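Before anything else, here's the structure in question.
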Amino acid sequence: MINKVVQTMDEAVSGIPDGATVMIGGFGSGIPYNLIAALHRQGAKELTVIAVNATTMNRTDIGFLEREGRIKTLISQAGDGRYPGIPQGTMVERIRAGGAGVPAFYTPTGVGTLLAEGKEHRDFNGRTYLLETALTADYALIPAWRADTFGNLQFEYTQRTINPTMARAANQTIVEVEEMVEGGELDPSFIHCPGVFVSQVVKIPPEPEGFHGRPLNIAGVPTRSRLGTRGV
Amino acid sequence: MINKVVQTMDEAVSGIPDGATVMIGGFGSGIPYNLIAALHRQGAKELTVIAVNATTMNRTDIGFLEREGRIKTLISQAGDGRYPGIPQGTMVERIRAGGAGVPAFYTPTGVGTLLAEGKEHRDFNGRTYLLETALTADYALIPAWRADTFGNLQFEYTQRTINPTMARAANQTIVEVEEMVEGGELDPSFIHCPGVFVSQVVKIPPEPEGFHGRPLNIAGVPTRSRLGTRGV
Amino acid sequence: MTTEAEKPKLAREEILLRTILDFQEGWLVNLGSGLPSYIANYCSPERNVVFHAENGVVGMGRMATREEVNINLTNALAQHILLVPGASIIDHVDSFALVRSGRLSATVMGAYHVASNRDFANVSRDPNVGGSGGGAMDMARNAQRVFIVMEHVSSEGQPKLLKRCTLPLTCPGVVTRVFTDLGVFDFGEDCFVIKEIAPGWTVDEVRALSEGDIVAAPDLKEIDLKALHEAIASDG
Amino acid sequence: MTTEAEKPKLAREEILLRTILDFQEGWLVNLGSGLPSYIANYCSPERNVVFHAENGVVGMGRMATREEVNINLTNALAQHILLVPGASIIDHVDSFALVRSGRLSATVMGAYHVASNRDFANVSRDPNVGGSGGGAMDMARNAQRVFIVMEHVSSEGQPKLLKRCTLPLTCPGVVTRVFTDLGVFDFGEDCFVIKEIAPGWTVDEVRALSEGDIVAAPDLKEIDLKALHEAIASDG
């Protein structure tokens, strides 16, 4: 297997060109703060950003990219007047379809709403559905809890969200991780995202590189509460 | 959370009526031998059986059900002259769609073959795809490696296959497990199938109830080889 | 809109407590943003109701205290939460697969408007600009029951129980029951049926704060706040 | 079909060894049933090729010995296997999602027929009855390269490299390269281009055992069996 480790966030995002389509992971938790900050420093513009989480833009640093005009198109689940919005379940299923070689699928969600206008409606077994199409990307930026050097990933709790799915939907996936272990040390039965979907993995440094000094963890509180045995 | 434990295989399958649609899990490994044997003893007939694994019928005991005329319709990935066959990837995606509230999706697989005849063809971005519809069931019979009493499941290695997906696609899911632990003892981040998708869970007894004395494990060889750490 | 200011309505907490009483053992319930997200704080695990958060939690517990925070464990609103014993985490896609396939016994969410034809609106306050409402459309379209939890009138004093919604719909024709600070409402033939009423209020007084038709249920009863607090307290 | 019986062809193992030489570092390769499933036995981990089994293995190793058997670890043919360090297990759905999304660098499978228009057939021996070929249609339609590994003629002595397939197609127009016991074949304009030939064989002799047109590559060379065995042996 190939070693996917790179040393810095800046190196990891250095290849992202102007005009790229970039998926940015997380929702509530599971947001790749360090990679977003590195992408900000890197300077790429005219980006198409696909992020479920962009409702909380001010908190994710995607907002910084946007306010500087670096985002040409934002595809996100929540509309804000400028973007039409996508039902969240439809959005995540579209990303899943992108990584599953499914170009389009039908969903019941949104029928009878403004978001259904102009969409293909079709009945199956007496119920009406909308046609929705897949989303893919050139790059995905995601965090993980633990990686091995081959890029096999594990997520902790709701850090998972859309992240393993984006890894499958993007051509190249760049991962920031809290812990790194040697290749082969993770239990094969309990890997959330195989390394074949990962291009590069970077360990988050002890002093986070967070944009504008943003702390990775909330100061003064433990970063972990253990609510069950982990694995065996 | 609700305790899902029942004591015997026979009790677990007792409610399956004639004419039910039953998914039977596994592919190569991950086959619920004990529940299939119990279904055989139970006597239900006119069954519609959905099983990816039915190519290896003689080895799975689905063959016994079939030879006794208990199966009205078999939906499986491999045709044998009587059944038309479904590409394996299409079959598993159809089961996934059933558990995902997606009534239909498009796939590139099968275009230009006999299996595409009569199917809706549609182009997306210059490539041709086939429309395929979801599969659901009244019951799913699956094995698992470890369960807690709430029905949360973990699978070992390729025991997983289609099993967590069938649990989501069926109205009721019955599970035979190798190990049982108290509710809450499994790490929430590493559960392959949440208990909300499980109706009943039965521990495989030390002396397996396998049909016709079939041993659950291969006699004389270790049943486990450990090739990596499990979890943490 | 006469006696409104003078009479006590249900407190927000009491609306939640009343909603919890409708949950049955074994239910899987999604809790929406705002008021409903606090329901898990009040509902004891002994009720055997499993709470779902659409970012991928099956078995959501109460909000975390500052000492209990784990940055990798939140609900869909990024509020730090705990899990109950037996909880499991699924990914975002699987979480909405669960929703779309009809596994939710109920979804509980707020609304700007609920109409007597069971339509409701909570995605946008602008009549001309729609929105997705996050996962609200998915939950509303696909859950077995849609429970709306809200104050009876808007902060501007406008009625929210309407004949027809005038804001963009989240989903047409799906609302099962509405819990407000004035009562509990089911639906009849293009009307609301008030099943329970806030202590001291009359149906006509509720009608005055509503636009949609309100019919009194034959078995209309007053909400017993004392019993409500006791029922929930006994959970703990 | 003159000299066939007298001249040695490549042994089955040698066909596999030759196929392995085409794999490049970092490739993800699905191994089909029959002959291809043994490729992982011969290909060392140092080649950094990751083998996929469609039942959900990413990082398949060699076949297990009797002492190494775990009933919960098989390939798609229910053969007991081992994993390589760094392997991971995915579910069946995810495994074909990987296939359909074009992640496979190559798929290696057998065939009854391969045609000079890149069609191939391996789902049914009955011209009138189709079949799914298990996951073959998924792999063939979606992999970046389709490598066919087979004996050059059928057990009945019939040619398998044809002008057009007469058995139900697995997939039209996708074959990248064919490895037989007589040579390595690419494709030209409705013809096979023989790139490498079994030691001691002439192109005309290979043509005599083929139905489709065979064109000799300008750089046609004889397969060096000694070098082949050495290259693979050095893996170990």
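Letters A, B, C and D mark the chains as written, and numbering starts fresh at 1 in each.
One rule holds in what follows: contacts are C-beta pairs under 8 Å (C-beta built on N, C-alpha and C of every residue); 3 or more make two chains touch, one makes a residue touch a chain.
None of the values given here were measured: they were computed from a predicted structure.
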Least hop count linking chain B to chain D through chains in contact: 1
Most distant chain from chain B by Cα centroid: C
A-C against A-D, pair bridged by the larger set of C-beta contacts: A-C
Distance between the centres, which are taken as Cα means, of chain D and chain C, whole angstrom: 58
Between chain A and chain B, centroid-to-centroid distance (C-alpha), Å: 31
Approximate Å spacing (C-alpha centroids) for the pair chain A, chain C: 30
Length of the line joining the C-alpha centres of chain A and chain D, rounded to whole Å: 36
Residues of chain A whose C-beta touches two or more other chains: 93, 100-102, 107-108, 155-157, 160, 184, 186, 188-189, 227-228
Shared interface positions of chain C, touching two or more other chains: 83, 85, 87, 89-90, 97, 99-100, 142
Graph class of chain-chain contacts, one of line, ring, star, complete, other: other
Touching chain combinations (by label order): A-B, A-C, A-D, B-C, B-D
Interface residues, chain B side, partner chain C - complex: 1-2, 96, 98-102, 148, 150, 152, 168-169, 183-184, 186, 188-189, 191, 194-197
Sites on chain C touched by chain A in the complex: 53-57, 64, 66-79, 82-83, 85, 87, 89-93, 95-97, 99-100, 123-124, 126, 129-138, 141-142, 168-173
Chain A - residues contacting chain C, complex: 27-30, 52, 55-56, 59, 77-81, 84-93, 95-96, 107-115, 145, 155-165, 192, 216-218, 221-225, 227-228
Of all residues in chain D, those that touch chain A in their complex: 25-26, 28, 45, 48, 50, 58-59, 83-90, 94, 97-103, 142
Footprint of chain B on chain A - complex, ascending: 93, 97, 100-108, 122, 124-125, 127, 129, 133, 154-157, 160, 184-190, 227-232
